[in-house]
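Order of writing sets the chain letters: A, B, C, D and E. Residues in each chain are counted from 1.
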Amino acid sequence: SGCAGTQASNSNNDKNTIKVGVLHSLSGTMAISEVSVKDAEMMAIDEINAKGGVLGKKIEVVTEDGASDPAVFAEKAKKLLQQDKVATVFGCWTSASRKAVLPVFENNHGLLWYPVQYEGMESSPNIFYTGAAPNQQIVPAVDWLLKNKGKKFFLIGSDYVFPRTANKIIKAELKAKGGTLVGEEYTPMGHTDYSTIINKIKNEKPDVVFNTLNGDSNVAFFKQLKDAGINTKDLITCSVSIAEEEVRGIGAGNMAGQLVSWNYYQTTDTPENKTFVKNYKAKYGQDRVTDDPIEAAYDAVYLWAAAVEKAGSTDVDKVKAAAKGLEFNAPEGKVKIEGENQHLWKTVRIGEVQADGSIKEVWSTPGPVRPDPYLKTYDWAKGLAN
Amino acid sequence: MFVKKFIKAPANWTFLIIILSLLAAPLFLSVFRINLLGKFISYAILAIGIDLIWGYTGILSLGHGVFFGLGAYAMGMYLKLEAAHGKLPDFMSWSGLEHLPAIWAPFSNPLSLLFIIIIPALLAAVIGYLTFKNRIRGVYFSILSQALSLIFVVLFIGQQAYTGGTNGLTSFQTIFGLSLAADNTKYILYYASILFLILVYTYCRFIVNHRIGKILIAIRDGENRVRFSGYNPTIYKIFVYISSAAIAGIAGAIFVPQVGIISPAEMGIVPSIEMVIWVAIGGRGTLIGAVIGAILVNGLKSGISESFPEIWSYFLGLTFIVVVIFMPEGLVGLVKKYASHLFTWHNKKEKIIQKAPSIN
Amino acid sequence: MNTILEIKDLIISFDGFYAVNNVNTKINKGEIRFFIGPNGAGKTTLLDAICGRIKPQHGSIIFNNNKNVLHYAEHELVNIGIGRKFQVPSVFTSLSVYENMEISVVKNRGIFSAIFNNITKSQREKINTILELVDLFDYRYRKASELSHGQKQWLEIAMLLVQDLQLILLDEPVAGMGRKETTKTGELLQKIAAHCTVIVVEHDMQFVREYASMVTVLHEGAVLDEGSVNHIQNNPKVIDVYLGRGGENCA
Amino acid sequence: MDIYILQIFNGISVSSIFMLAALGLAITFGLMKIINMAHGEFIMIGAYAAYIVQNFFTQYLPASFFNWYFFIAIPIAFLLAASIGWVLERIIICHLYGRALDSMLATWGVSIVLQQLARSIFGAPNVDVKSPNWLNGALLLSPGLQLPYKRLFIMGMVIICMLIIYYLMYCSNYGRKIRAVMQNRDMAASLGINTRKIDSYTFAFGSGLAGIAGCALTLLGSIGPTLGTGYIVNTFMVVVLGGVGSLWGTIAGGLLIGTGNTTLEFLTNTTSGKVLVFTLVILFLQWRPQGLFTVHSRSLDE
Amino acid sequence: MLKIKNLQAYYGESIILKNIDLNVQEGRIVCLLGRNGVGKSTFLKSIMGMVCTPHGSICLENKELINEPTYTRARSGIGYVPQGRDIFPQMTVAENLRLGLEINNGIGKISPKIYELFPVLKEMLTRKGGNLSGGQQQQLAIARALVSHPKLLILDEPTEGIQPSIIQDIGKVILLLKKEGYTILIVEQYLEFILNIADDYYVMDKGEIIAQGLVSKMDKEEIQHKIAI
């Protein structure tokens, strides 16, 4: 068989390095998004190594390709934990890949840092979530839209768990807050023709299209929306899976004036962000952009490093204990690990896409919002998370 | 008779050697590698089934991922209910279901594991009956089977509340009460996989060694001529399709507990094509080639992607190209060719056998 | 009473072109019936209809007095006793000669028999006898793809012989064969005609003369004449459209 | 009312996109019997060609020229895809004639390599191709009825490509040679036809057409390394549904699948629409096992 | 005109032709006789470059062809009518004929004489080649080889499956062609047919030439015997 070598000789403690895993799709459809996230993680690791590493040891990276396939993610996660015995893993993007590796991390007592906003309803003891929970992105966005843009919502999303769950939350919220739902459509991943759906949207005349499409589909949707002669005055879209990187692919011209909701933009005005953006561009090219998942992935590495320093060990239990309440001055501002569910406190920002592709913040919460993956603190969300 | 025949063929010797090495593998490999090898064995089983239908009968199904998936889902549903301990599986509740759907109900019973074979076989029977009766052949069948796989992927993704959507079924805990996380269970599953590999190989070897095997090849060469020899190829094709689908189902069921997840991504067009490639690389129409191809390609894929995560696709792609172009008969064909060069005495022996047709 | 095949008012057309146009004929048991006629007269098409390959627009073909051939699927026709050799040799190229025969010799062509029953000793002997007969015995472990054109023809005939049919349809069985082989084929035909009826399509007039019991001449899809070789050979119309003036010195 | 008219327009538009994507395949697969799984990657190459031309225009030429870049992009896309196709034919495809299924496996490898190559050259994320200004906007028939220029433009391109192909294949010497080579290679060679040349030109032509499709698709969708994968199944379906080897078949297949898709999507939803269309394709094949435009053959087994 | 020396031919590993020597002089009709399966067709195919011929030489008008690809051989003036006809099945009869002109780069016209020789073809110009009857296809194949006026015409069992009257016609055509100065190499099993038209004969057995001579001096019985060994 092809699997040579018996026991990859390693153990984190007796060497001068600490092994960590980086597990993203470097091939397949998800590579579009995940490669940049991997780059951000590598940058953070390089920075930390340049400053002497953690616990005086250099961080050694084992990269694996999840190949956009959940089963491969599971295999590679097992490999990282059982074979390489890494101290922690930074990885995944889609919820499917996260769900696939979750039991692996739980069974092998590993640690995963997951950097992407997601649908919530989850809080594994072996995962730290550095992206937004629904109450840090979707819920405030809907709130704001209802107040500022209108009551008639049309929901469009890719057919998978994040959009479906997100829309369930939105529908509950609309119902509670007096909004109306005029349409809900899902398209398979990679779908490229939106003429029919746009026709349906035109026919329903909603005030807001809440968009949870993923990846390539967004490009098609926005190009075709513009061609159909719909402009942002008649109808505004708000997207939660489109960040600066995606805007570049869609073409800023096709999206100018549309809204997005995130915790971080390249334009976010903090001193940390200025250096972050500068370093990222210096490392990967001036034409590259930073965005929310990239920043969240970068934060994840620093948070882990800080927790390890604090714990004085890479032992998962000790790191977890140390991570509780840990704060970090991230490019997006101050973030803090919520001990109860291992999510981050994050500031919510609604932004408007500009003609040059940057995103201008139009509204933000006054400070970091407490993560609430199960929406326990929202009355209208009762029954969503049973 | 059969045993005698079995021992005569070099392919069977090779198979025996493979089985012995697989049995001995736990002495040398870590439990992670064994677990991985278990997955490859499930692929090998699948590949044998594909070789039966493609290598021997000439029907190229580009939708075998569906049968693999159905078997895997049947197993997954059983494991999921075992993990749920009588409660509603996690994904159902976050998808808004309140009661266990009727199609799930039977899966709390171990007898339901028969569905691993029954469901793929039934689907194959229906599809096979329709298409083969209507004489849909060649590339038309291939494309049709591709459409089938697309339909199932879209359906399984769309019915999130019933199937787990893109996430598929995951987070299993135990199998027949044994913890899936335990090393012992992994060894048990591994040996069970080998057992099924032996069973499936023997079944297929039995088929191709009997007259039906020759009829299948005849169908591959000229289906209409078979008709004018008095056989109804439709029946034979349906039979092979069902066999192959059931084998794929078994493979899927073996895959699930070892990998810990089944999702629509495993039943789509891309994996379906890759399955065929394993067989091509090993050498079609030999059964043993399918086993070698599946284990080798997947081993290589895992190995190379670990060493070169950023560029392993190049290796994989180039391997496919080189093998198909320069080894049209696959690895087994290559070995055969060189073996016949090296051992001319072998030909003499063959001639002696030829003189005595009673062996057949 | 003795009729094994009766063709009534048969019409076959392709997009308005009548390849077979109202053919009527009766073939008796034990006959060696030749269909001759110009190229394109519809001979092959007629055989196609008898063996179920194409469905005629009109007419009927009655086998053994009561079975309308048109109601049977191709493979069922073999099982009621009609077999066919094609104009272009068609054998199973990746099987050996012996395996080709093995597939043909079997009586029970159901799937269970194919899985569980091997061929019997007597069947094996039968195969060997027939292979000897057609000079392919020494080639029996060769792949059929490695045979020459003529050898493939022989193999295809041998496959029919081993099937114990009641009616055999041969489309140009001696095309591409030398005189010696042709003679041998003819003798073979006579032997099998003892227990089975043969329909032959052939252009080799010498062959026709030697072995035909009855000849039907087709022309432009219709029967031009029918009778003994002598009879049709002297029909000026047949000479005109088919044999050619002075055809005798060449054919 | 408008909504229905628009829906018919959408149906035709989607059909034309399918046809455009399938035309190259109708040649490499329909005629040459090469099951080219890398067809989608040729579409991708065409799209990146448009990207390169666009960047060249924005960087090296005055802004006023930008509007015309698309007219340069189309032939460049054709040439780039065609020359890559040509090279591929010379080193890989040439071994695969008469081995239809093998060709599928090898070209699958090619597709993996080309995708990774695109990722290495252009990076994994999508890139942006701006459409020229004159293609923005829509033909305004009534306030509710706007027909986007881009879609009209693509329809026009399809028609032009069809006419060119029809002329080449059925009215020219070259076309006759191609068909001869594809039907019987040895015989064509013994009639003095340089089959190697014909093979590589034909494959290059088919690939070039895919390139044009890719160029056109930049107007409507994303441009990334995996752009082609989304089209591959649909295009094969179009060619097969129409009947392999028939240009009319490809047109009919494209229309059927395109309008089928939009109509069913309109009546139900995208997911069900897709499932229904594929189910209908399967059922349709029961009725016409060789596709719409069957190429009859008297021979026993093709 | 055509000189073949020491030619060997292989199918894969197995040798089919061993050291064939054969000459065809300009303006003559040479026929090759032999039982089924001795390698006659293989020999013609090796002249056309369609089988593997590692040794030997094939000279057409003093030009060595052994390393040339099939199409160059055809273009140097060989018209080939294969056994089994090899019509392009999906193309019309007219297109099949036009393809015969490819030897001259597709230039030229199909002379009406062709239709005089084979009147059926004229009626069937628009029919698909594959739908023709066996004999019609054979006629088409011969016609296709003739349209380009090749220097050397190679025929592989041209009478197979042809009605007697047309066999006579073909015989006449061949004699006519000879008068016009064509050189012809023909493989046949139909001895009577050959006796009427050929000048020289060769007999092949098991991949070797075992007899040769002038047809006029040929003893029919003896040849028959040789062929039948």
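One rule holds in what follows: a residue touches a chain if its C-beta (ideal position, glycine included) is under 8 Å from a C-beta of that chain, and two chains touch if they have at least 3 such contacts.
As the structure is a computational prediction, the values presented were derived from the model and not from experiment.
Asks: Starting from the Cα centroid of subunit D, hunt down the chain whose centroid lies farthest away.
Replies: It is C.
Asks: Please tell me whether A-D or B-C has the greater number of C-beta pairs in contact.
Replies: Answer to which pair has more contacts is A-D.
Asks: Between subunit B and subunit E, what distance separates the C-alpha centroids? Give it in angstrom.
Replies: 51
Asks: Which integer distance in Å separates the CA centroid of subunit C from that of subunit D?
Replies: That gives a centre separation of 47 Å.
Asks: Using mean CA coordinates as chain centres, what's the gap between subunit B and subunit D in Å?
Replies: 33
Asks: Indicate the whole-number Å distance between the mean C-alpha point of subunit A and the mean C-alpha point of subunit C.
Replies: The separation of the two C-alpha centroids amounts to 74 Å.
Asks: List, in ascending order, every residue of subunit C touching at least 2 other chains.
Replies: 86, 88, 90
Asks: Which subunit E residues touch at least two other chains?
Replies: Subunit E, residues with two or more chain partners: 131.
Asks: What positions in subunit B touch 2 or more of the other chains?
Replies: Residues 154, 157-158, 221-222, 224-225, 313 of subunit B touch two or more partner chains.
Asks: Could you please specify the touching residues of subunit D with respect to subunit B in the complex?
Replies: Its residues touching subunit B are 35, 37, 92, 95-96, 99-102, 104-106, 108-113, 115-116, 120, 233, 236-237, 240, 244, 271-272, 274-275, 278-279, 281-282, 285-287, 289-291, 300-302.
Asks: For subunit B, which residues count as touching subunit D in their complex?
Replies: My answer: residues 60, 130-131, 134-140, 142-144, 146-148, 150-151, 154-155, 157-158, 221-225, 269, 273, 276-277, 280, 311, 313-314, 316-321, 324-325, 328.
Asks: Touching residues of subunit B toward subunit C in the complex: what are they?
Replies: For subunit B paired with subunit C, touching residues are 207, 210-212, 214-215, 217-218, 220-222, 224-233, 235-236, 239, 354, 357-358, 360.
Asks: Okay, in this complex, where on subunit E does subunit C touch?
Replies: These residues of subunit E touch subunit C: 11, 14, 35-38, 41, 83-84, 120, 131-136, 138-139, 157, 160-169, 171, 189, 191-193, 196, 224, 227-228.
Asks: Report the residues of subunit C in contact with subunit B in the complex, numbered from low to high.
Replies: 51, 73-76, 78-79, 83-84, 86, 90-95, 98-100, 102-104, 106, 109-111, 113-119, 121, 124, 128, 140-141, 159, 163
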